[in-house]
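Before anything else, here is the set of structures, which you'll find just below.
Below, chain A partners chain B and then partners chain C, in two separate complexes.
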Partner chain A sequence: MKRKNLMEKKMFRQYLLLVLPGFVIFTIGLIIPLVMAFRYSLTDWDGMSAEKIFVGLENYINLFQDKEFLDAWWFTIRFTIGNTVIQNIAALLFALALDSGIKAQKFYRTILFIPCLVSAVIVGFVWLKMFSNVLPEVNEVFGTSINFLLFGEKRTVLTGLLIANNWQWIGYWMLIYLAGLQSVPSDLYEAAKVDGAGPIKRFFNVTIPMLAPSITICVVGITTGSLKVYDLLVSSTKGGPGRASTSVIYQTYTTAINGRQYGYGSAMSVTLVVVLLLVALIQVRGLKKKEVQA
Partner chain B sequence: MMMSRKKSSKEDKKIAQPYTKGTLAIQIAMTVAAIFFIAPILMIINYSFKGKKELYLNSPLSLPESLNFDNYAAAFKKLNLTTTFTNTLFYTVISVAILAFLCGVTAWAIARCSHKFFKFCYIYFIVGILIPYQALFLPIYMIGYNLKLTNTRYGIIFMYVATGISFGVFLMNSFMSTVPLELEEAARIDGCSVVKTYFLIVLPILKPAMATLVIMQAFQIWNDYLLASLYVSKKTLKTLTVAIQSLFSAQSSDYTTAMAAIVVSVLPIAISFLCLQKYFIKGMTVGAVKG
Partner chain C sequence: MLKKLLSVVLATAMTVMLLAGCGGSSNSGDSSDSSGNSGSSESEAVTLTVLAGQSTTDAGIEDMIDEALAEKYPEITLEWECVDWGNDFQPKMQQYMQSGLPDIMIGKAQDVATYAPQGILGEIDSEYVDRGLDAAKENVTIDGATYGLVYNALYQGVYYNKTMFEENGWDIPETIEDLQAIIDDCNSKEITPFASHMVDTWSIGNVTMQFAMNDVFNTNETWGDEFRAGTTSFSDSEEMQTAYNYNELIYDNTFAETFSLEQTECDAKMVMGEAAMKVSGSWSIQNFLDIDEEFDFGIFPFPNQTSDAKLIFEPNITIMTSKETEHQDAINKVLDLLTSDEELAVEILDYTKTASMLEGVTPTFTNPSQEDIDKYAAEDRIVDVTLGNNQLVWGGFQEENAKDIAAWLQGDMTFEDCLKASDGRVDASSAE
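On to the complex of A and B.
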């Protein structure tokens, strides 16, 4: 008995040795920065001076009166809702189309997937050129007059960015829906058919409930991904025109790095982290509940 | 009976059937969609071969007059390609190698040891998935600056490992049930240490999961912009994505060079994707579905 204990202790130590390096790296690289962000957010630090004056919650109170920050949130929220709705529906429709027994399924799958392999910085630049140089020429060829200069106007910049972002990510989420669809047992469809359910009824009563886990993943993934948008803006709109496409992270970057307001910028970071955690938790909870019912 | 019917209907699905009105419409719609998705890519390739004069004189939709590689030569020079390419490759390979090793052993130890500390570790890492490092770029930069990690090779690699590890541990942990405990116990009775058991027994079984992890992390790190732009500003340490971004802002009018640069930077991922497509797709969907 004693020997067994000794053995277990020895093994425990060896397992501990395996976990520790990862634990330390993770703590230093991500958890301590989280704590630091919170601490700095309570000061008025400018990033250079040695002294950091404690200001309490002042930064947070100011955030709620900061029009630029609220505008950044407003843009980010619209961008996120647009992406979540469009990407989910489009990805599901494409997955259904590919699963319907059409020819060259794999070919379409590859083409739709390729854009998500490209860095968002590149995607932004490519669509900048698509809108400003290539698509206007399409107008000339077909004699149409569609306004393609979407990044140039405050009114249309969101649409332009939604097109670019959806172009990049639809293929990825489509793949997840496709994997979900292919795991639905076909007996279920046949049983529903026997019961006299038409295709639309079958879709809502069989497909959607069976896809619930995939829907959870896609909704949470797209929402949290869109709230973090930054790379895409760097090379396309640079937050403009004006500040019409400034996202929360973009605004934080401008405030903290260019504006040298580290304390205030940290408060922005903390706000975003809190919102992201809350949104992910609420969505997972809500969607999981539906999964159970199904 | 049930089984056979299920099987046959699945097989039916795979064999292309003659078109009905519905499937024909879907086929056409998918082709139109595919054109939308491929058009920007064709445009990049098309532009990358065009000369400077063509840019102003010819239509953007026209094909290049001749296949000239001047843009590629220019991109090579302006991106400082030999340096930036090797840097990116170096950061990606080393970070992914470290991640593969650490995530494997960490996840395994967490799965096998029932001590409280390991249970805490599991939750600790899982919470990490929800913490977006992009939102914390500011303190991440500051901690790097204080620890003298900025503008060093190991600094950026350290950061890639730190930000990738929580997802990796989670992914590997979900595969641990595929490792039979009996084998591990047998190895232990034969006198293998914990580390040796991992390398001899566990690692070979985890290979498919490892492939998934490696592929996902590799292309994320290869494409990373935010961390690279914060951590390595020195010319000799820059990554491809950062170099391309500065090329974009420096040459917004002469974008044929930028287009050639895009082709060069995307080519390695595109080729590895086409070769490893099966693993890519399996990896991404397995990783996501397990989530």
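On to the complex of A and C.
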């Protein structure tokens, strides 16, 4: 008994030692900045002067009356919903297609995966050129009059950004789904077949439940990634036209840094962190319940 | 036992790497002597850190300066950090104000008004300031101390295609009615009157300040101060509303794809004769001449309501120094090089296609619009935009107002709301 306790203590110390580097990195890189951001959010600091006057919750109260901030949230929410729906469905469909035993599977997988290796800044720039130069040439060639200037108008800018973002990330999430599909035991399908289930029934009653862990990863990853969108906007729309594609992070950056309202900007960032945590928590809890084991 | 040993080694290695990384980053912003000493003598090698907030025309001048410096002061090395002035200079400055400023900062004259009151800029020795034109000192001198060395200048106004103007018999417009007549004639001949690239919000902010200089600050030099004092506002000022409204005149008479068009492409369209005019600044000259060195263009001020508009002049590359630097001698040598090496100055001016702010230095590039600039200078019709930029700062104010103007032009905001939004930003309108 004594020996067992000694062993456990040793193991515990060993775990602590192994966790230490990660804990230090996590604390320096995340916890301390978060605490500092919360501290600044209670001040009217401009980011330059030494004076940081305590204003209590004033910044948070003002946030809810700030039309620009609320508009930024509205854009971010629409962008997030659009991405989550489109990317999940498209990635799953592509994964199913590639899992069906088609020829040149590796080639298609590579082609679909390549865009996610490119920086989002480059993707933004590429699609700006696509919409303003390359695609309008299609009109010239075919004598059509399709409006390809999607980044140039408020009503179309979200569509343009969804195209650019989905083009980049569908291949990445497709790989997650593909890995999930390949781990579904084939005897489950055979059993379903024996029970008389057709392809659609097999998809909804076998594939989807077995893919639940992949769905959790993809939904949470796409949602939190979309809520944090910034770099794509910098090189494509710059938050415009006007403020039509200004995301919460873009608004936070311009307010805190360019607008010299560091305290107010910190309040914005704290709000975003809280929302991100809540969304991730709700999604993980909700989706985990639906997960089944083979 | 082996596992335990391995885990200890791994944990130690990761912790050491982490600490080493943190230690390394804290030094990255500092200047240092390669010898390890901070006090420098003539022969000691010194590395000066430089934060260069560049305009579109400026990228590349750092190589010219490095080359000239290596020849004259080989012991000095400049460690450049070049960023876009419009987007990144202010964020970088904010960052360095927390961690320690670079030895030298290159921005625009208006930056002096922003950072000098913070007490972080060093005074520039009169030996170097006096090598510049008098006009270069005016807006970088605060309470008798000069904190910026203005190196070159840009001109802003309406660039026009001279050939097109001659072929269509258009005279240089002096009044808004004259300009409207040209616009009408352009439209009747299916010529796009104005080239513009409104996807770049900065271009909207820039032209709005041009309009404001001639319609607002031309008649009231302290409009910005009065705005902060509450005696005027964007919603009340007819003059400021006129300035905002000119944006609509441009928008109604420009390319349909202006909100998807970037500067270089827009300038190319102008050179290829797809538009007759462009409200812009000297930064377009570089593009114009790169695309077609034979392109013949001129410049005139955008007419104002009182028909006495002036050409806009903007001090551009402005060198500032850190008050806390440990290498003042080396900095002075760099300032000496920049203000005394005529060959270097001409090389930079020819490359950036800008005007000199140094005494006795004239660029040698052929500037088709120089004739017009000389004409307006002779008539005393040139105004320094720093007057407006110092009162209504770019970052957080003009820049944000420009986004509202874009939203208004696209019909997403009413004109009244656009003005109210500008009024609501009054606290962000000044650097102080």
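In this text, the second predicted complex is superposed on the first by the 264 of 294 C-alpha atoms of A that agree within 3 Å, B and C clash if a C-alpha of one lies under 4 Å from a C-alpha of the other, contacts with A are read in each partner's own complex, and residues count from 1 in each chain.
As a working rule, contacts are C-beta pairs under 8 Å (C-beta built on N, C-alpha and C of every residue); 3 or more make two chains touch, one makes a residue touch a chain.
Please read these numbers as outputs of a predicted model, since none were measured by experiment.
A.B. asks: Output check: A:N133 vs chain B and chain C. Expected answer is one of first, second, both, neither. What do you get?
C.D. replies: In the superposed model, A:N133 contacts both chain B and chain C.
A.B. asks: When the two structures are overlaid on chain A, which partner does A:G242 contact: first (chain B), second (chain C), both, or neither?
C.D. replies: After superposing on A, A:G242 lies in contact with chain C but is clear of chain B.
A.B. asks: Based on the superposed arrangement, let me know which partner A:L272 touches: chain B (first), chain C (second), both, or neither?
C.D. replies: In the superposition, A:L272 contacts chain B only.
A.B. asks: In the three-chain superposition, say which chain, chain B or chain C, touches more residues of chain A.
C.D. replies: With both complexes superposed on chain A, more residues of chain A are touched by B.
A.B. asks: Touch check for A:N258: first (chain B), second (chain C), both, or neither?
C.D. replies: Only chain C is touched by A:N258; chain B is not.
A.B. asks: If you stack the two complexes on chain A, which partner ends up touching A:L6: first (chain B), second (chain C), both, or neither?
C.D. replies: A:L6 contacts neither chain B nor chain C.
A.B. asks: For A:V85, select first, second, both or neither according to whether it touches chain B, chain C, the two together, or no partner.
C.D. replies: Touch status of A:V85: no partner.
A.B. asks: Who does A:I61 touch here: chain B (first), chain C (second), both, or neither?
C.D. replies: Neither partner.
A.B. asks: Under the stated touch criterion, which partner chain does A:I28 make contact with: chain B (first), chain C (second), both, or neither?
C.D. replies: both
A.B. asks: Give one of first, second, both or neither to describe whether A:I282 is in contact with chain B, with chain C, with both, or with none.
C.D. replies: The answer is neither, since A:I282 touches no partner chain.
A.B. asks: State which residues of chain A lie in both footprints, the one left by chain B and the one left by chain C.
C.D. replies: Correct list for chain A: 14, 18, 21, 25, 28, 47, 133, 257, 262.
A.B. asks: For the complex, give me every residue of chain A touching chain C.
C.D. replies: Against chain C, the touching part of chain A is residues 10, 14, 17-18, 20-21, 24-25, 28, 47-49, 128, 131-133, 136, 149, 151-154, 237-244, 246, 254, 257-262.
A.B. asks: For a test of understanding, state which residues of chain C touch chain A in their complex under the given definition.
C.D. replies: Against chain A, the touching part of chain C is residues 4, 7-8, 10-11, 14-15, 18, 22, 90-91, 93-94, 97, 118, 198-201, 256-262, 265, 395-396, 399-400, 403-404, 406-410, 412-413, 428.
A.B. asks: If you look only at chain A, which of its residues touch chain B in the complex?
C.D. replies: 11-12, 14-16, 18-19, 21-23, 25-26, 28-34, 36-37, 40, 47, 94, 97-98, 100-103, 107-115, 117-122, 125-127, 129-130, 133-134, 137-138, 140-141, 167, 171-172, 175-176, 178-180, 185-187, 190, 213-214, 217, 221, 224, 227-228, 230-231, 234-235, 248-249, 252-253, 256-257, 262, 265-266, 269, 272-273, 276-277, 280-281
A.B. asks: Tell me, which parts of chain B touch chain A in their complex?
C.D. replies: Checking each residue of chain B against chain A gives 2, 5-6, 9-10, 13, 16-17, 22-23, 26-27, 29-30, 33-34, 36-41, 43-44, 47, 59-61, 102-103, 105-106, 108-110, 112-113, 115, 117-118, 121, 124-125, 128, 130-140, 142-143, 147, 158-159, 161-163, 165-166, 169, 193-195, 198, 219, 222-226, 241, 244-245, 248-249, 255, 258-259, 262, 265-266, 269-270, 273-274, 277, 281, 284-285, 288-289, 291.
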